[in-house]
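Labels run A, B, C and D following the written order; every chain starts at residue 1.
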Amino acid sequence: MRRLVSVALLIALVGLLIGCAGADPDLDQNTFAPEGDVARMQRDILIVWVLGPAAVIFVVMQALLIYAVIRFRRKKGQELPRQVHGNNRLEYAWTIAPAILLLMLIVPTVAGVIELGRDAADDALRVRVVGQQFSWTFQYPDLTDAEGKPLTVFGLPGEVGKPSTGRPAELHIPVDREIGVTLESVDVIHSFWVPKLAGKLDVVPGRTNSMWFNATKIGSYSGQCAEFCGFQHADMRLIVVAESEEDFEAWVADQLEGGGAARSGAGEPALVSYGE
Amino acid sequence: MVGALRRLRQEGESYQGVWSWLTTVDHKRIGIMYGVTAFLFFLMGGIEALLLRIQLSSPNNAVLDPDQYNRIFTMHGTTMIFLVVMPLSAAFFNLLIPLMIGARDVAFPRLNAFSFWVFLGGGLFMNASFFTGGNILKGELGAPDAGWFGYAPLSLQSAGTGIDFWAFGLLILGVASMASGFNFIVTIFNMRAPGMTLLRMPLFVWMTLVTSFLIIFAMPIITVALFQLLFDRLYGANFFNFEAGGQPLLWQHMFWLFGHPEVYILILPAMGIVSEVLPTFSRKPLFGYPFVVISGLAIAFMSWGVWAHHMYTTGLGPIANSAFGVSTILIAVPTGIKIFNWLATLWGGAISLKTPLFFAVGFISMFVIGGLTGVIHSIVPSDYQQQDTYFVVAHLHQVLLGGAMFGLFAGIYYWFPKFTGRLLHEGWGQLHFWLMFIGFNITFQPMMILGLLGMPRRIYSYPEGAGWEWWNAVATVGALLIGVSILVFMFNVVLSLRRNDQAGPDPWDGRTLEWAIPSPPPAYNFREIPTVRARDDFWHQKYEEDETGRPVPIVGGGAQEPEEEEHAEGEGHGIHMPSPSFFPLIAAIGLPIIATGLIYDAAIVAVGVAVLVVGIYGWALEPASE
Amino acid sequence: MTLAESRGIKGPTEREAEAEEVKEGAHPGPLEYVKIGLILAVITAVEVGIYYIEAIEDVLVPILIVLSAIKFTLVVLWFMHLRFDSRLFSWLLAGGLMLAGILMVIVLSTLGGRLV
Amino acid sequence: MSHTPAALETGTGLDNRKLLMWLFLASECLLFGSLIGAYLLYRGQSVVGPYPEDLFDIPFTSVSAFVLLMSSVTMVLALAAIQRGDQRGLRIWLLSTALLGLLFLSGQAFEFTEFNHEGLSLSSNLFGTTFFVLTGFHGAHVTVGVLILLSLLVMAWRGRLTQSQSLNIELAGLYWHFVDVVWIVIFTLIYLIQP
């Protein structure tokens, strides 16, 4: 019975995660359908190193458990069983064997930490991300207008007491180019997360964190704040728009002509004085 | 005034009913009060959970508004951890430790009563915050709204008094935990019956000892953190004020420095319970006892080196993340040892399929998933994706509900007959198990999928089209099923108490000392302090092993003689027991009053201090044997 | 919790012997306490004295730490009787101190703080 | 502080209350460790003044530290007195300890007031925040200690502390000495060592 449930669950899991049909592409945040190198690496580590082996161990352990309970249940008139107190060899075996298996996990852990923790490449597009309750602001320090003002995309701030409406702030990036992001917050802790492109990194006030990622396919990718940040945490969304290099440049030129500050949607920008 | 109270207390000794409970210092009564109170809070936390699940059952739902949702999920987490699992474990410490080590009471009976009253006061104080938000009937909730983890600076910025109630509430509850931690360490070190060496102690006693050490070392850290938070909030201090150079991450460090040992504070007692239930129902001793003990010690030790895995995504840097990744991976080794030994205990046994065993096996089954998902989370780079998603929600519930609560229910079914004298009904018990087990699985396994599908935690709503609708609906159905299973349990308790199915002293053919005495145990527990000759001493009083290692009943061995005459003796047993006392209760009442005063008005603080001082001096000057 | 296994806890047979020992070793007399007190006073004076000597600025910190550690140890061993009391108590204090110290170093190092 | 005889036979041969006190002190290490850690983390991080070097008066604090240190000596002399049944000695040394404790506290009150005049408060900067909370917690411990000492003194005066109850003094002493060693650490780490 329980084995059936587990197997069914496993099949459901695999089926759903591979396909995940039916999700709105603007809202899809499936970490198993990555479109960036970072997210792909994270998914592969997860499946190959842990989820796969864990599934095997799970099935074996549950099977042993169910077998033990059924096989050794007390039968009528059965005598008391032999009193086994332990077995040192077994103990050493099931201490050392798992320890070795687990120590192997250090490889992807450390390698992954180093790769994801490295500085962004020199030719990466630099973006400064600022989190604010409950919106995002994106600034491209290297893309400046005639007066030297950097291109800045202001998100719409939420109004406390009302759920946010409209389209969230858009971060435009060129496809297949590395993006080097620095993260800052002006109020509380947020977390910058675009599941299909890269895992999250917290946006901590008083501290600048940095990460890199890329998109390997043209498209728009949904993301949202992943650290509980108060009233409208659920609505603190963003969209990454990955475009071809030409489209991106055209977009940049268009925005810079428009006064240096792009706005997504209507309304007042979140950080009026930001981006000097 | 002290004199008057003392007189009242002496009168109290002759009272029955409420007065005797208010002044009791009997560990069994305190244990029962702990258990009942924790269960009531469990219902509270469960209703909160159901509200959350109903809100999330469909996209763009509006059963709760974001504000209500945030407050309720904060209280759900806080309640389940501090007001349910910890005190339920404390209930078992109280009920069982003296019985298992062959003692008449704990080392400090009045301190023990104090722990309970402080816990009760802290729990009520914390929940009182619900009423501070305006008209609660109109849905204007007070209560904290920054999550059970209270991350600064969100918790600094939060308006109203919810966070203050939360922080003071946790400080008060910390006093209760510390007091019982000290008490049980001293009890276990000093009050063991002759012959009860450390390596003859039942595993539950070991796990209590380990847990108590974790409590006394972890609680001071959260105490300081909470004071810092309160100083920031109430008096403008700068601990977590980033504008003055303060570091919000200091809060996270201190919170998780406490918080991760806390996870083991929650789970180790349940592991202890399971380690008692499995041998009894498979009629075999615990496999590899010394290894299970050592792995418990190892877990406790290592729990001090893994806290920053809660902080992988805060940007601590590659060195810290790698180091904490490795330590987190390795803590799976001692955890695995326990699971293997439990399996080996079942192996080759003669297993009676009774409700406690179902829950214990359910515990192992769910804890395997909890442990494996824990390893999944330890892998830093991939955890950047899972952190703060529903995958974590699934994992922590697999450990704390599938783990700790299943273990605690195993304990409830196992020891209920010992303390009430009545067996719980088997049929209803198994129905409870299956409903809860199935409900649990269809609530929390879908959450793993939701997490992988990118659903973050702590969101009050989600848009249609993200692909999360179906699994959220399933999870809500599962949660309702768990709710039904708890109703079945409550029905079973009422039914069983009425049915009067006498358990006798030893209904399960038990192994440890508590089964050697009548059910319910007399106030003095043991008429004569037993002399212990072996691990699982009571079993060895009943059976000896033949040359093939099979047990043979000893004629006239312990279990067969119900010591009925002890019941009849009643008060005339002539054994000196600690006198009841009002003062622990009075001292405990002082604490929430002081906290209320610090939030609202300094004048109230003076009242609280006065009450506390009366309690403490009355306590210190009262002639009592402890 | 290796503390629990520490030598402070003995089986029932060894306990009585241990208890005797503890009583016999009891506490030193007032004279010895006063002597320790004098040493403590002198060390404090030295601490404050060298604080003002500019010539040893570079090695001041380690010297101060060593001196205060000596004071700490003297008070703990004599006034708190750890020298004469059960080992268990020493283990408890050492455990608390080491845990606090190690955790403090780790937290400070991850947040860019320095111990001294 | 109750009049109970020393515990009968215990599993470790150690007195219950003494074991409790040591467990408490062990856990206090973590409490003060956290407070000191916060101070060290934020040392030199204040964005605005006043800074420690503007305020610390080392000679004054040295005298304070000396006073507290000497109170440890008188405390242990009180214990030695009751252990040999010297009631008069017990009272004298208890009183001296309490008075030295009070002297230390008034020194701390004076220091706090002075610092406050110079513009340092709990909210002025990180130094103010961490300094006042750390030394304030320590001061609160000393205050509790003084209350315990005074309570014992009253009991001693009424002749309710006999030689057989020396454990009461010993326990109070353990607490008092612990508070003293915490100050030894604070004095060095916070006052004398300034980067």
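Just so it is clear, a contact is a pair of C-beta atoms (placed from the backbone, for glycine too) under 8 Å apart; a residue touches a chain by one contact, two chains touch by 3 or more.
What you see is a predicted model, and the numbers here were worked out from it, not measured in a lab.
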Name whichever of B-C and B-D has more C-beta pairs touching across its two chains.
B-D
State, to the nearest whole Å, the distance from the C-alpha centre of chain A to the C-alpha centre of chain D.
50
Starting from the mean Cα coordinates of chain B and chain C, work out the distance between those two points in Å.
35
Touching two or more other chains, which residues of chain A qualify?
none
In chain C, residues with contacts to at least two other chains:
9, 12, 88, 96, 99, 103, 107, 111
Within chain B, the set of residues that touch 2 or more other chains is 189, 217, 221, 243, 245-247, 249-250, 254, 317
Chains grouped in pairs wherever the two touch, ordered by label:
A-B, B-C, B-D, C-D
Mind pulling up the chain D residues that touch chain B in the complex?
1-4, 7, 10-12, 14, 16, 19-20, 23-24, 26-28, 30-31, 34-35, 38, 41-42, 45-48, 122-123, 125-126, 128-130, 132-133, 137, 151
Using the touch definition from the top, list the residues of chain C that touch chain D in their complex.
8-10, 12, 15-16, 18-19, 22, 26-27, 29-30, 33-34, 36-37, 40-41, 44, 47-48, 51, 60-61, 64-65, 67-68, 71-72, 75-76, 78-81, 86, 88-89, 92-93, 95-97, 99-101, 103-104, 107-108, 111, 113-116
Flag every residue of chain C that touches chain B in the complex, lowest number first.
1-5, 9, 11-12, 88, 96, 99, 103, 107, 110-111
Which bits of chain B are touching chain C when the two form their complex?
189, 194-195, 197-198, 209-210, 213, 217, 221, 247, 249-250, 253-254, 257, 297, 300-301, 304, 308, 316-317, 320
Residue positions on chain B within touch of chain D in the complex are 107-108, 178, 181-183, 185-186, 188-192, 196, 216-221, 223-225, 227-228, 231, 235-239, 243-247, 250, 254, 617, 619-626
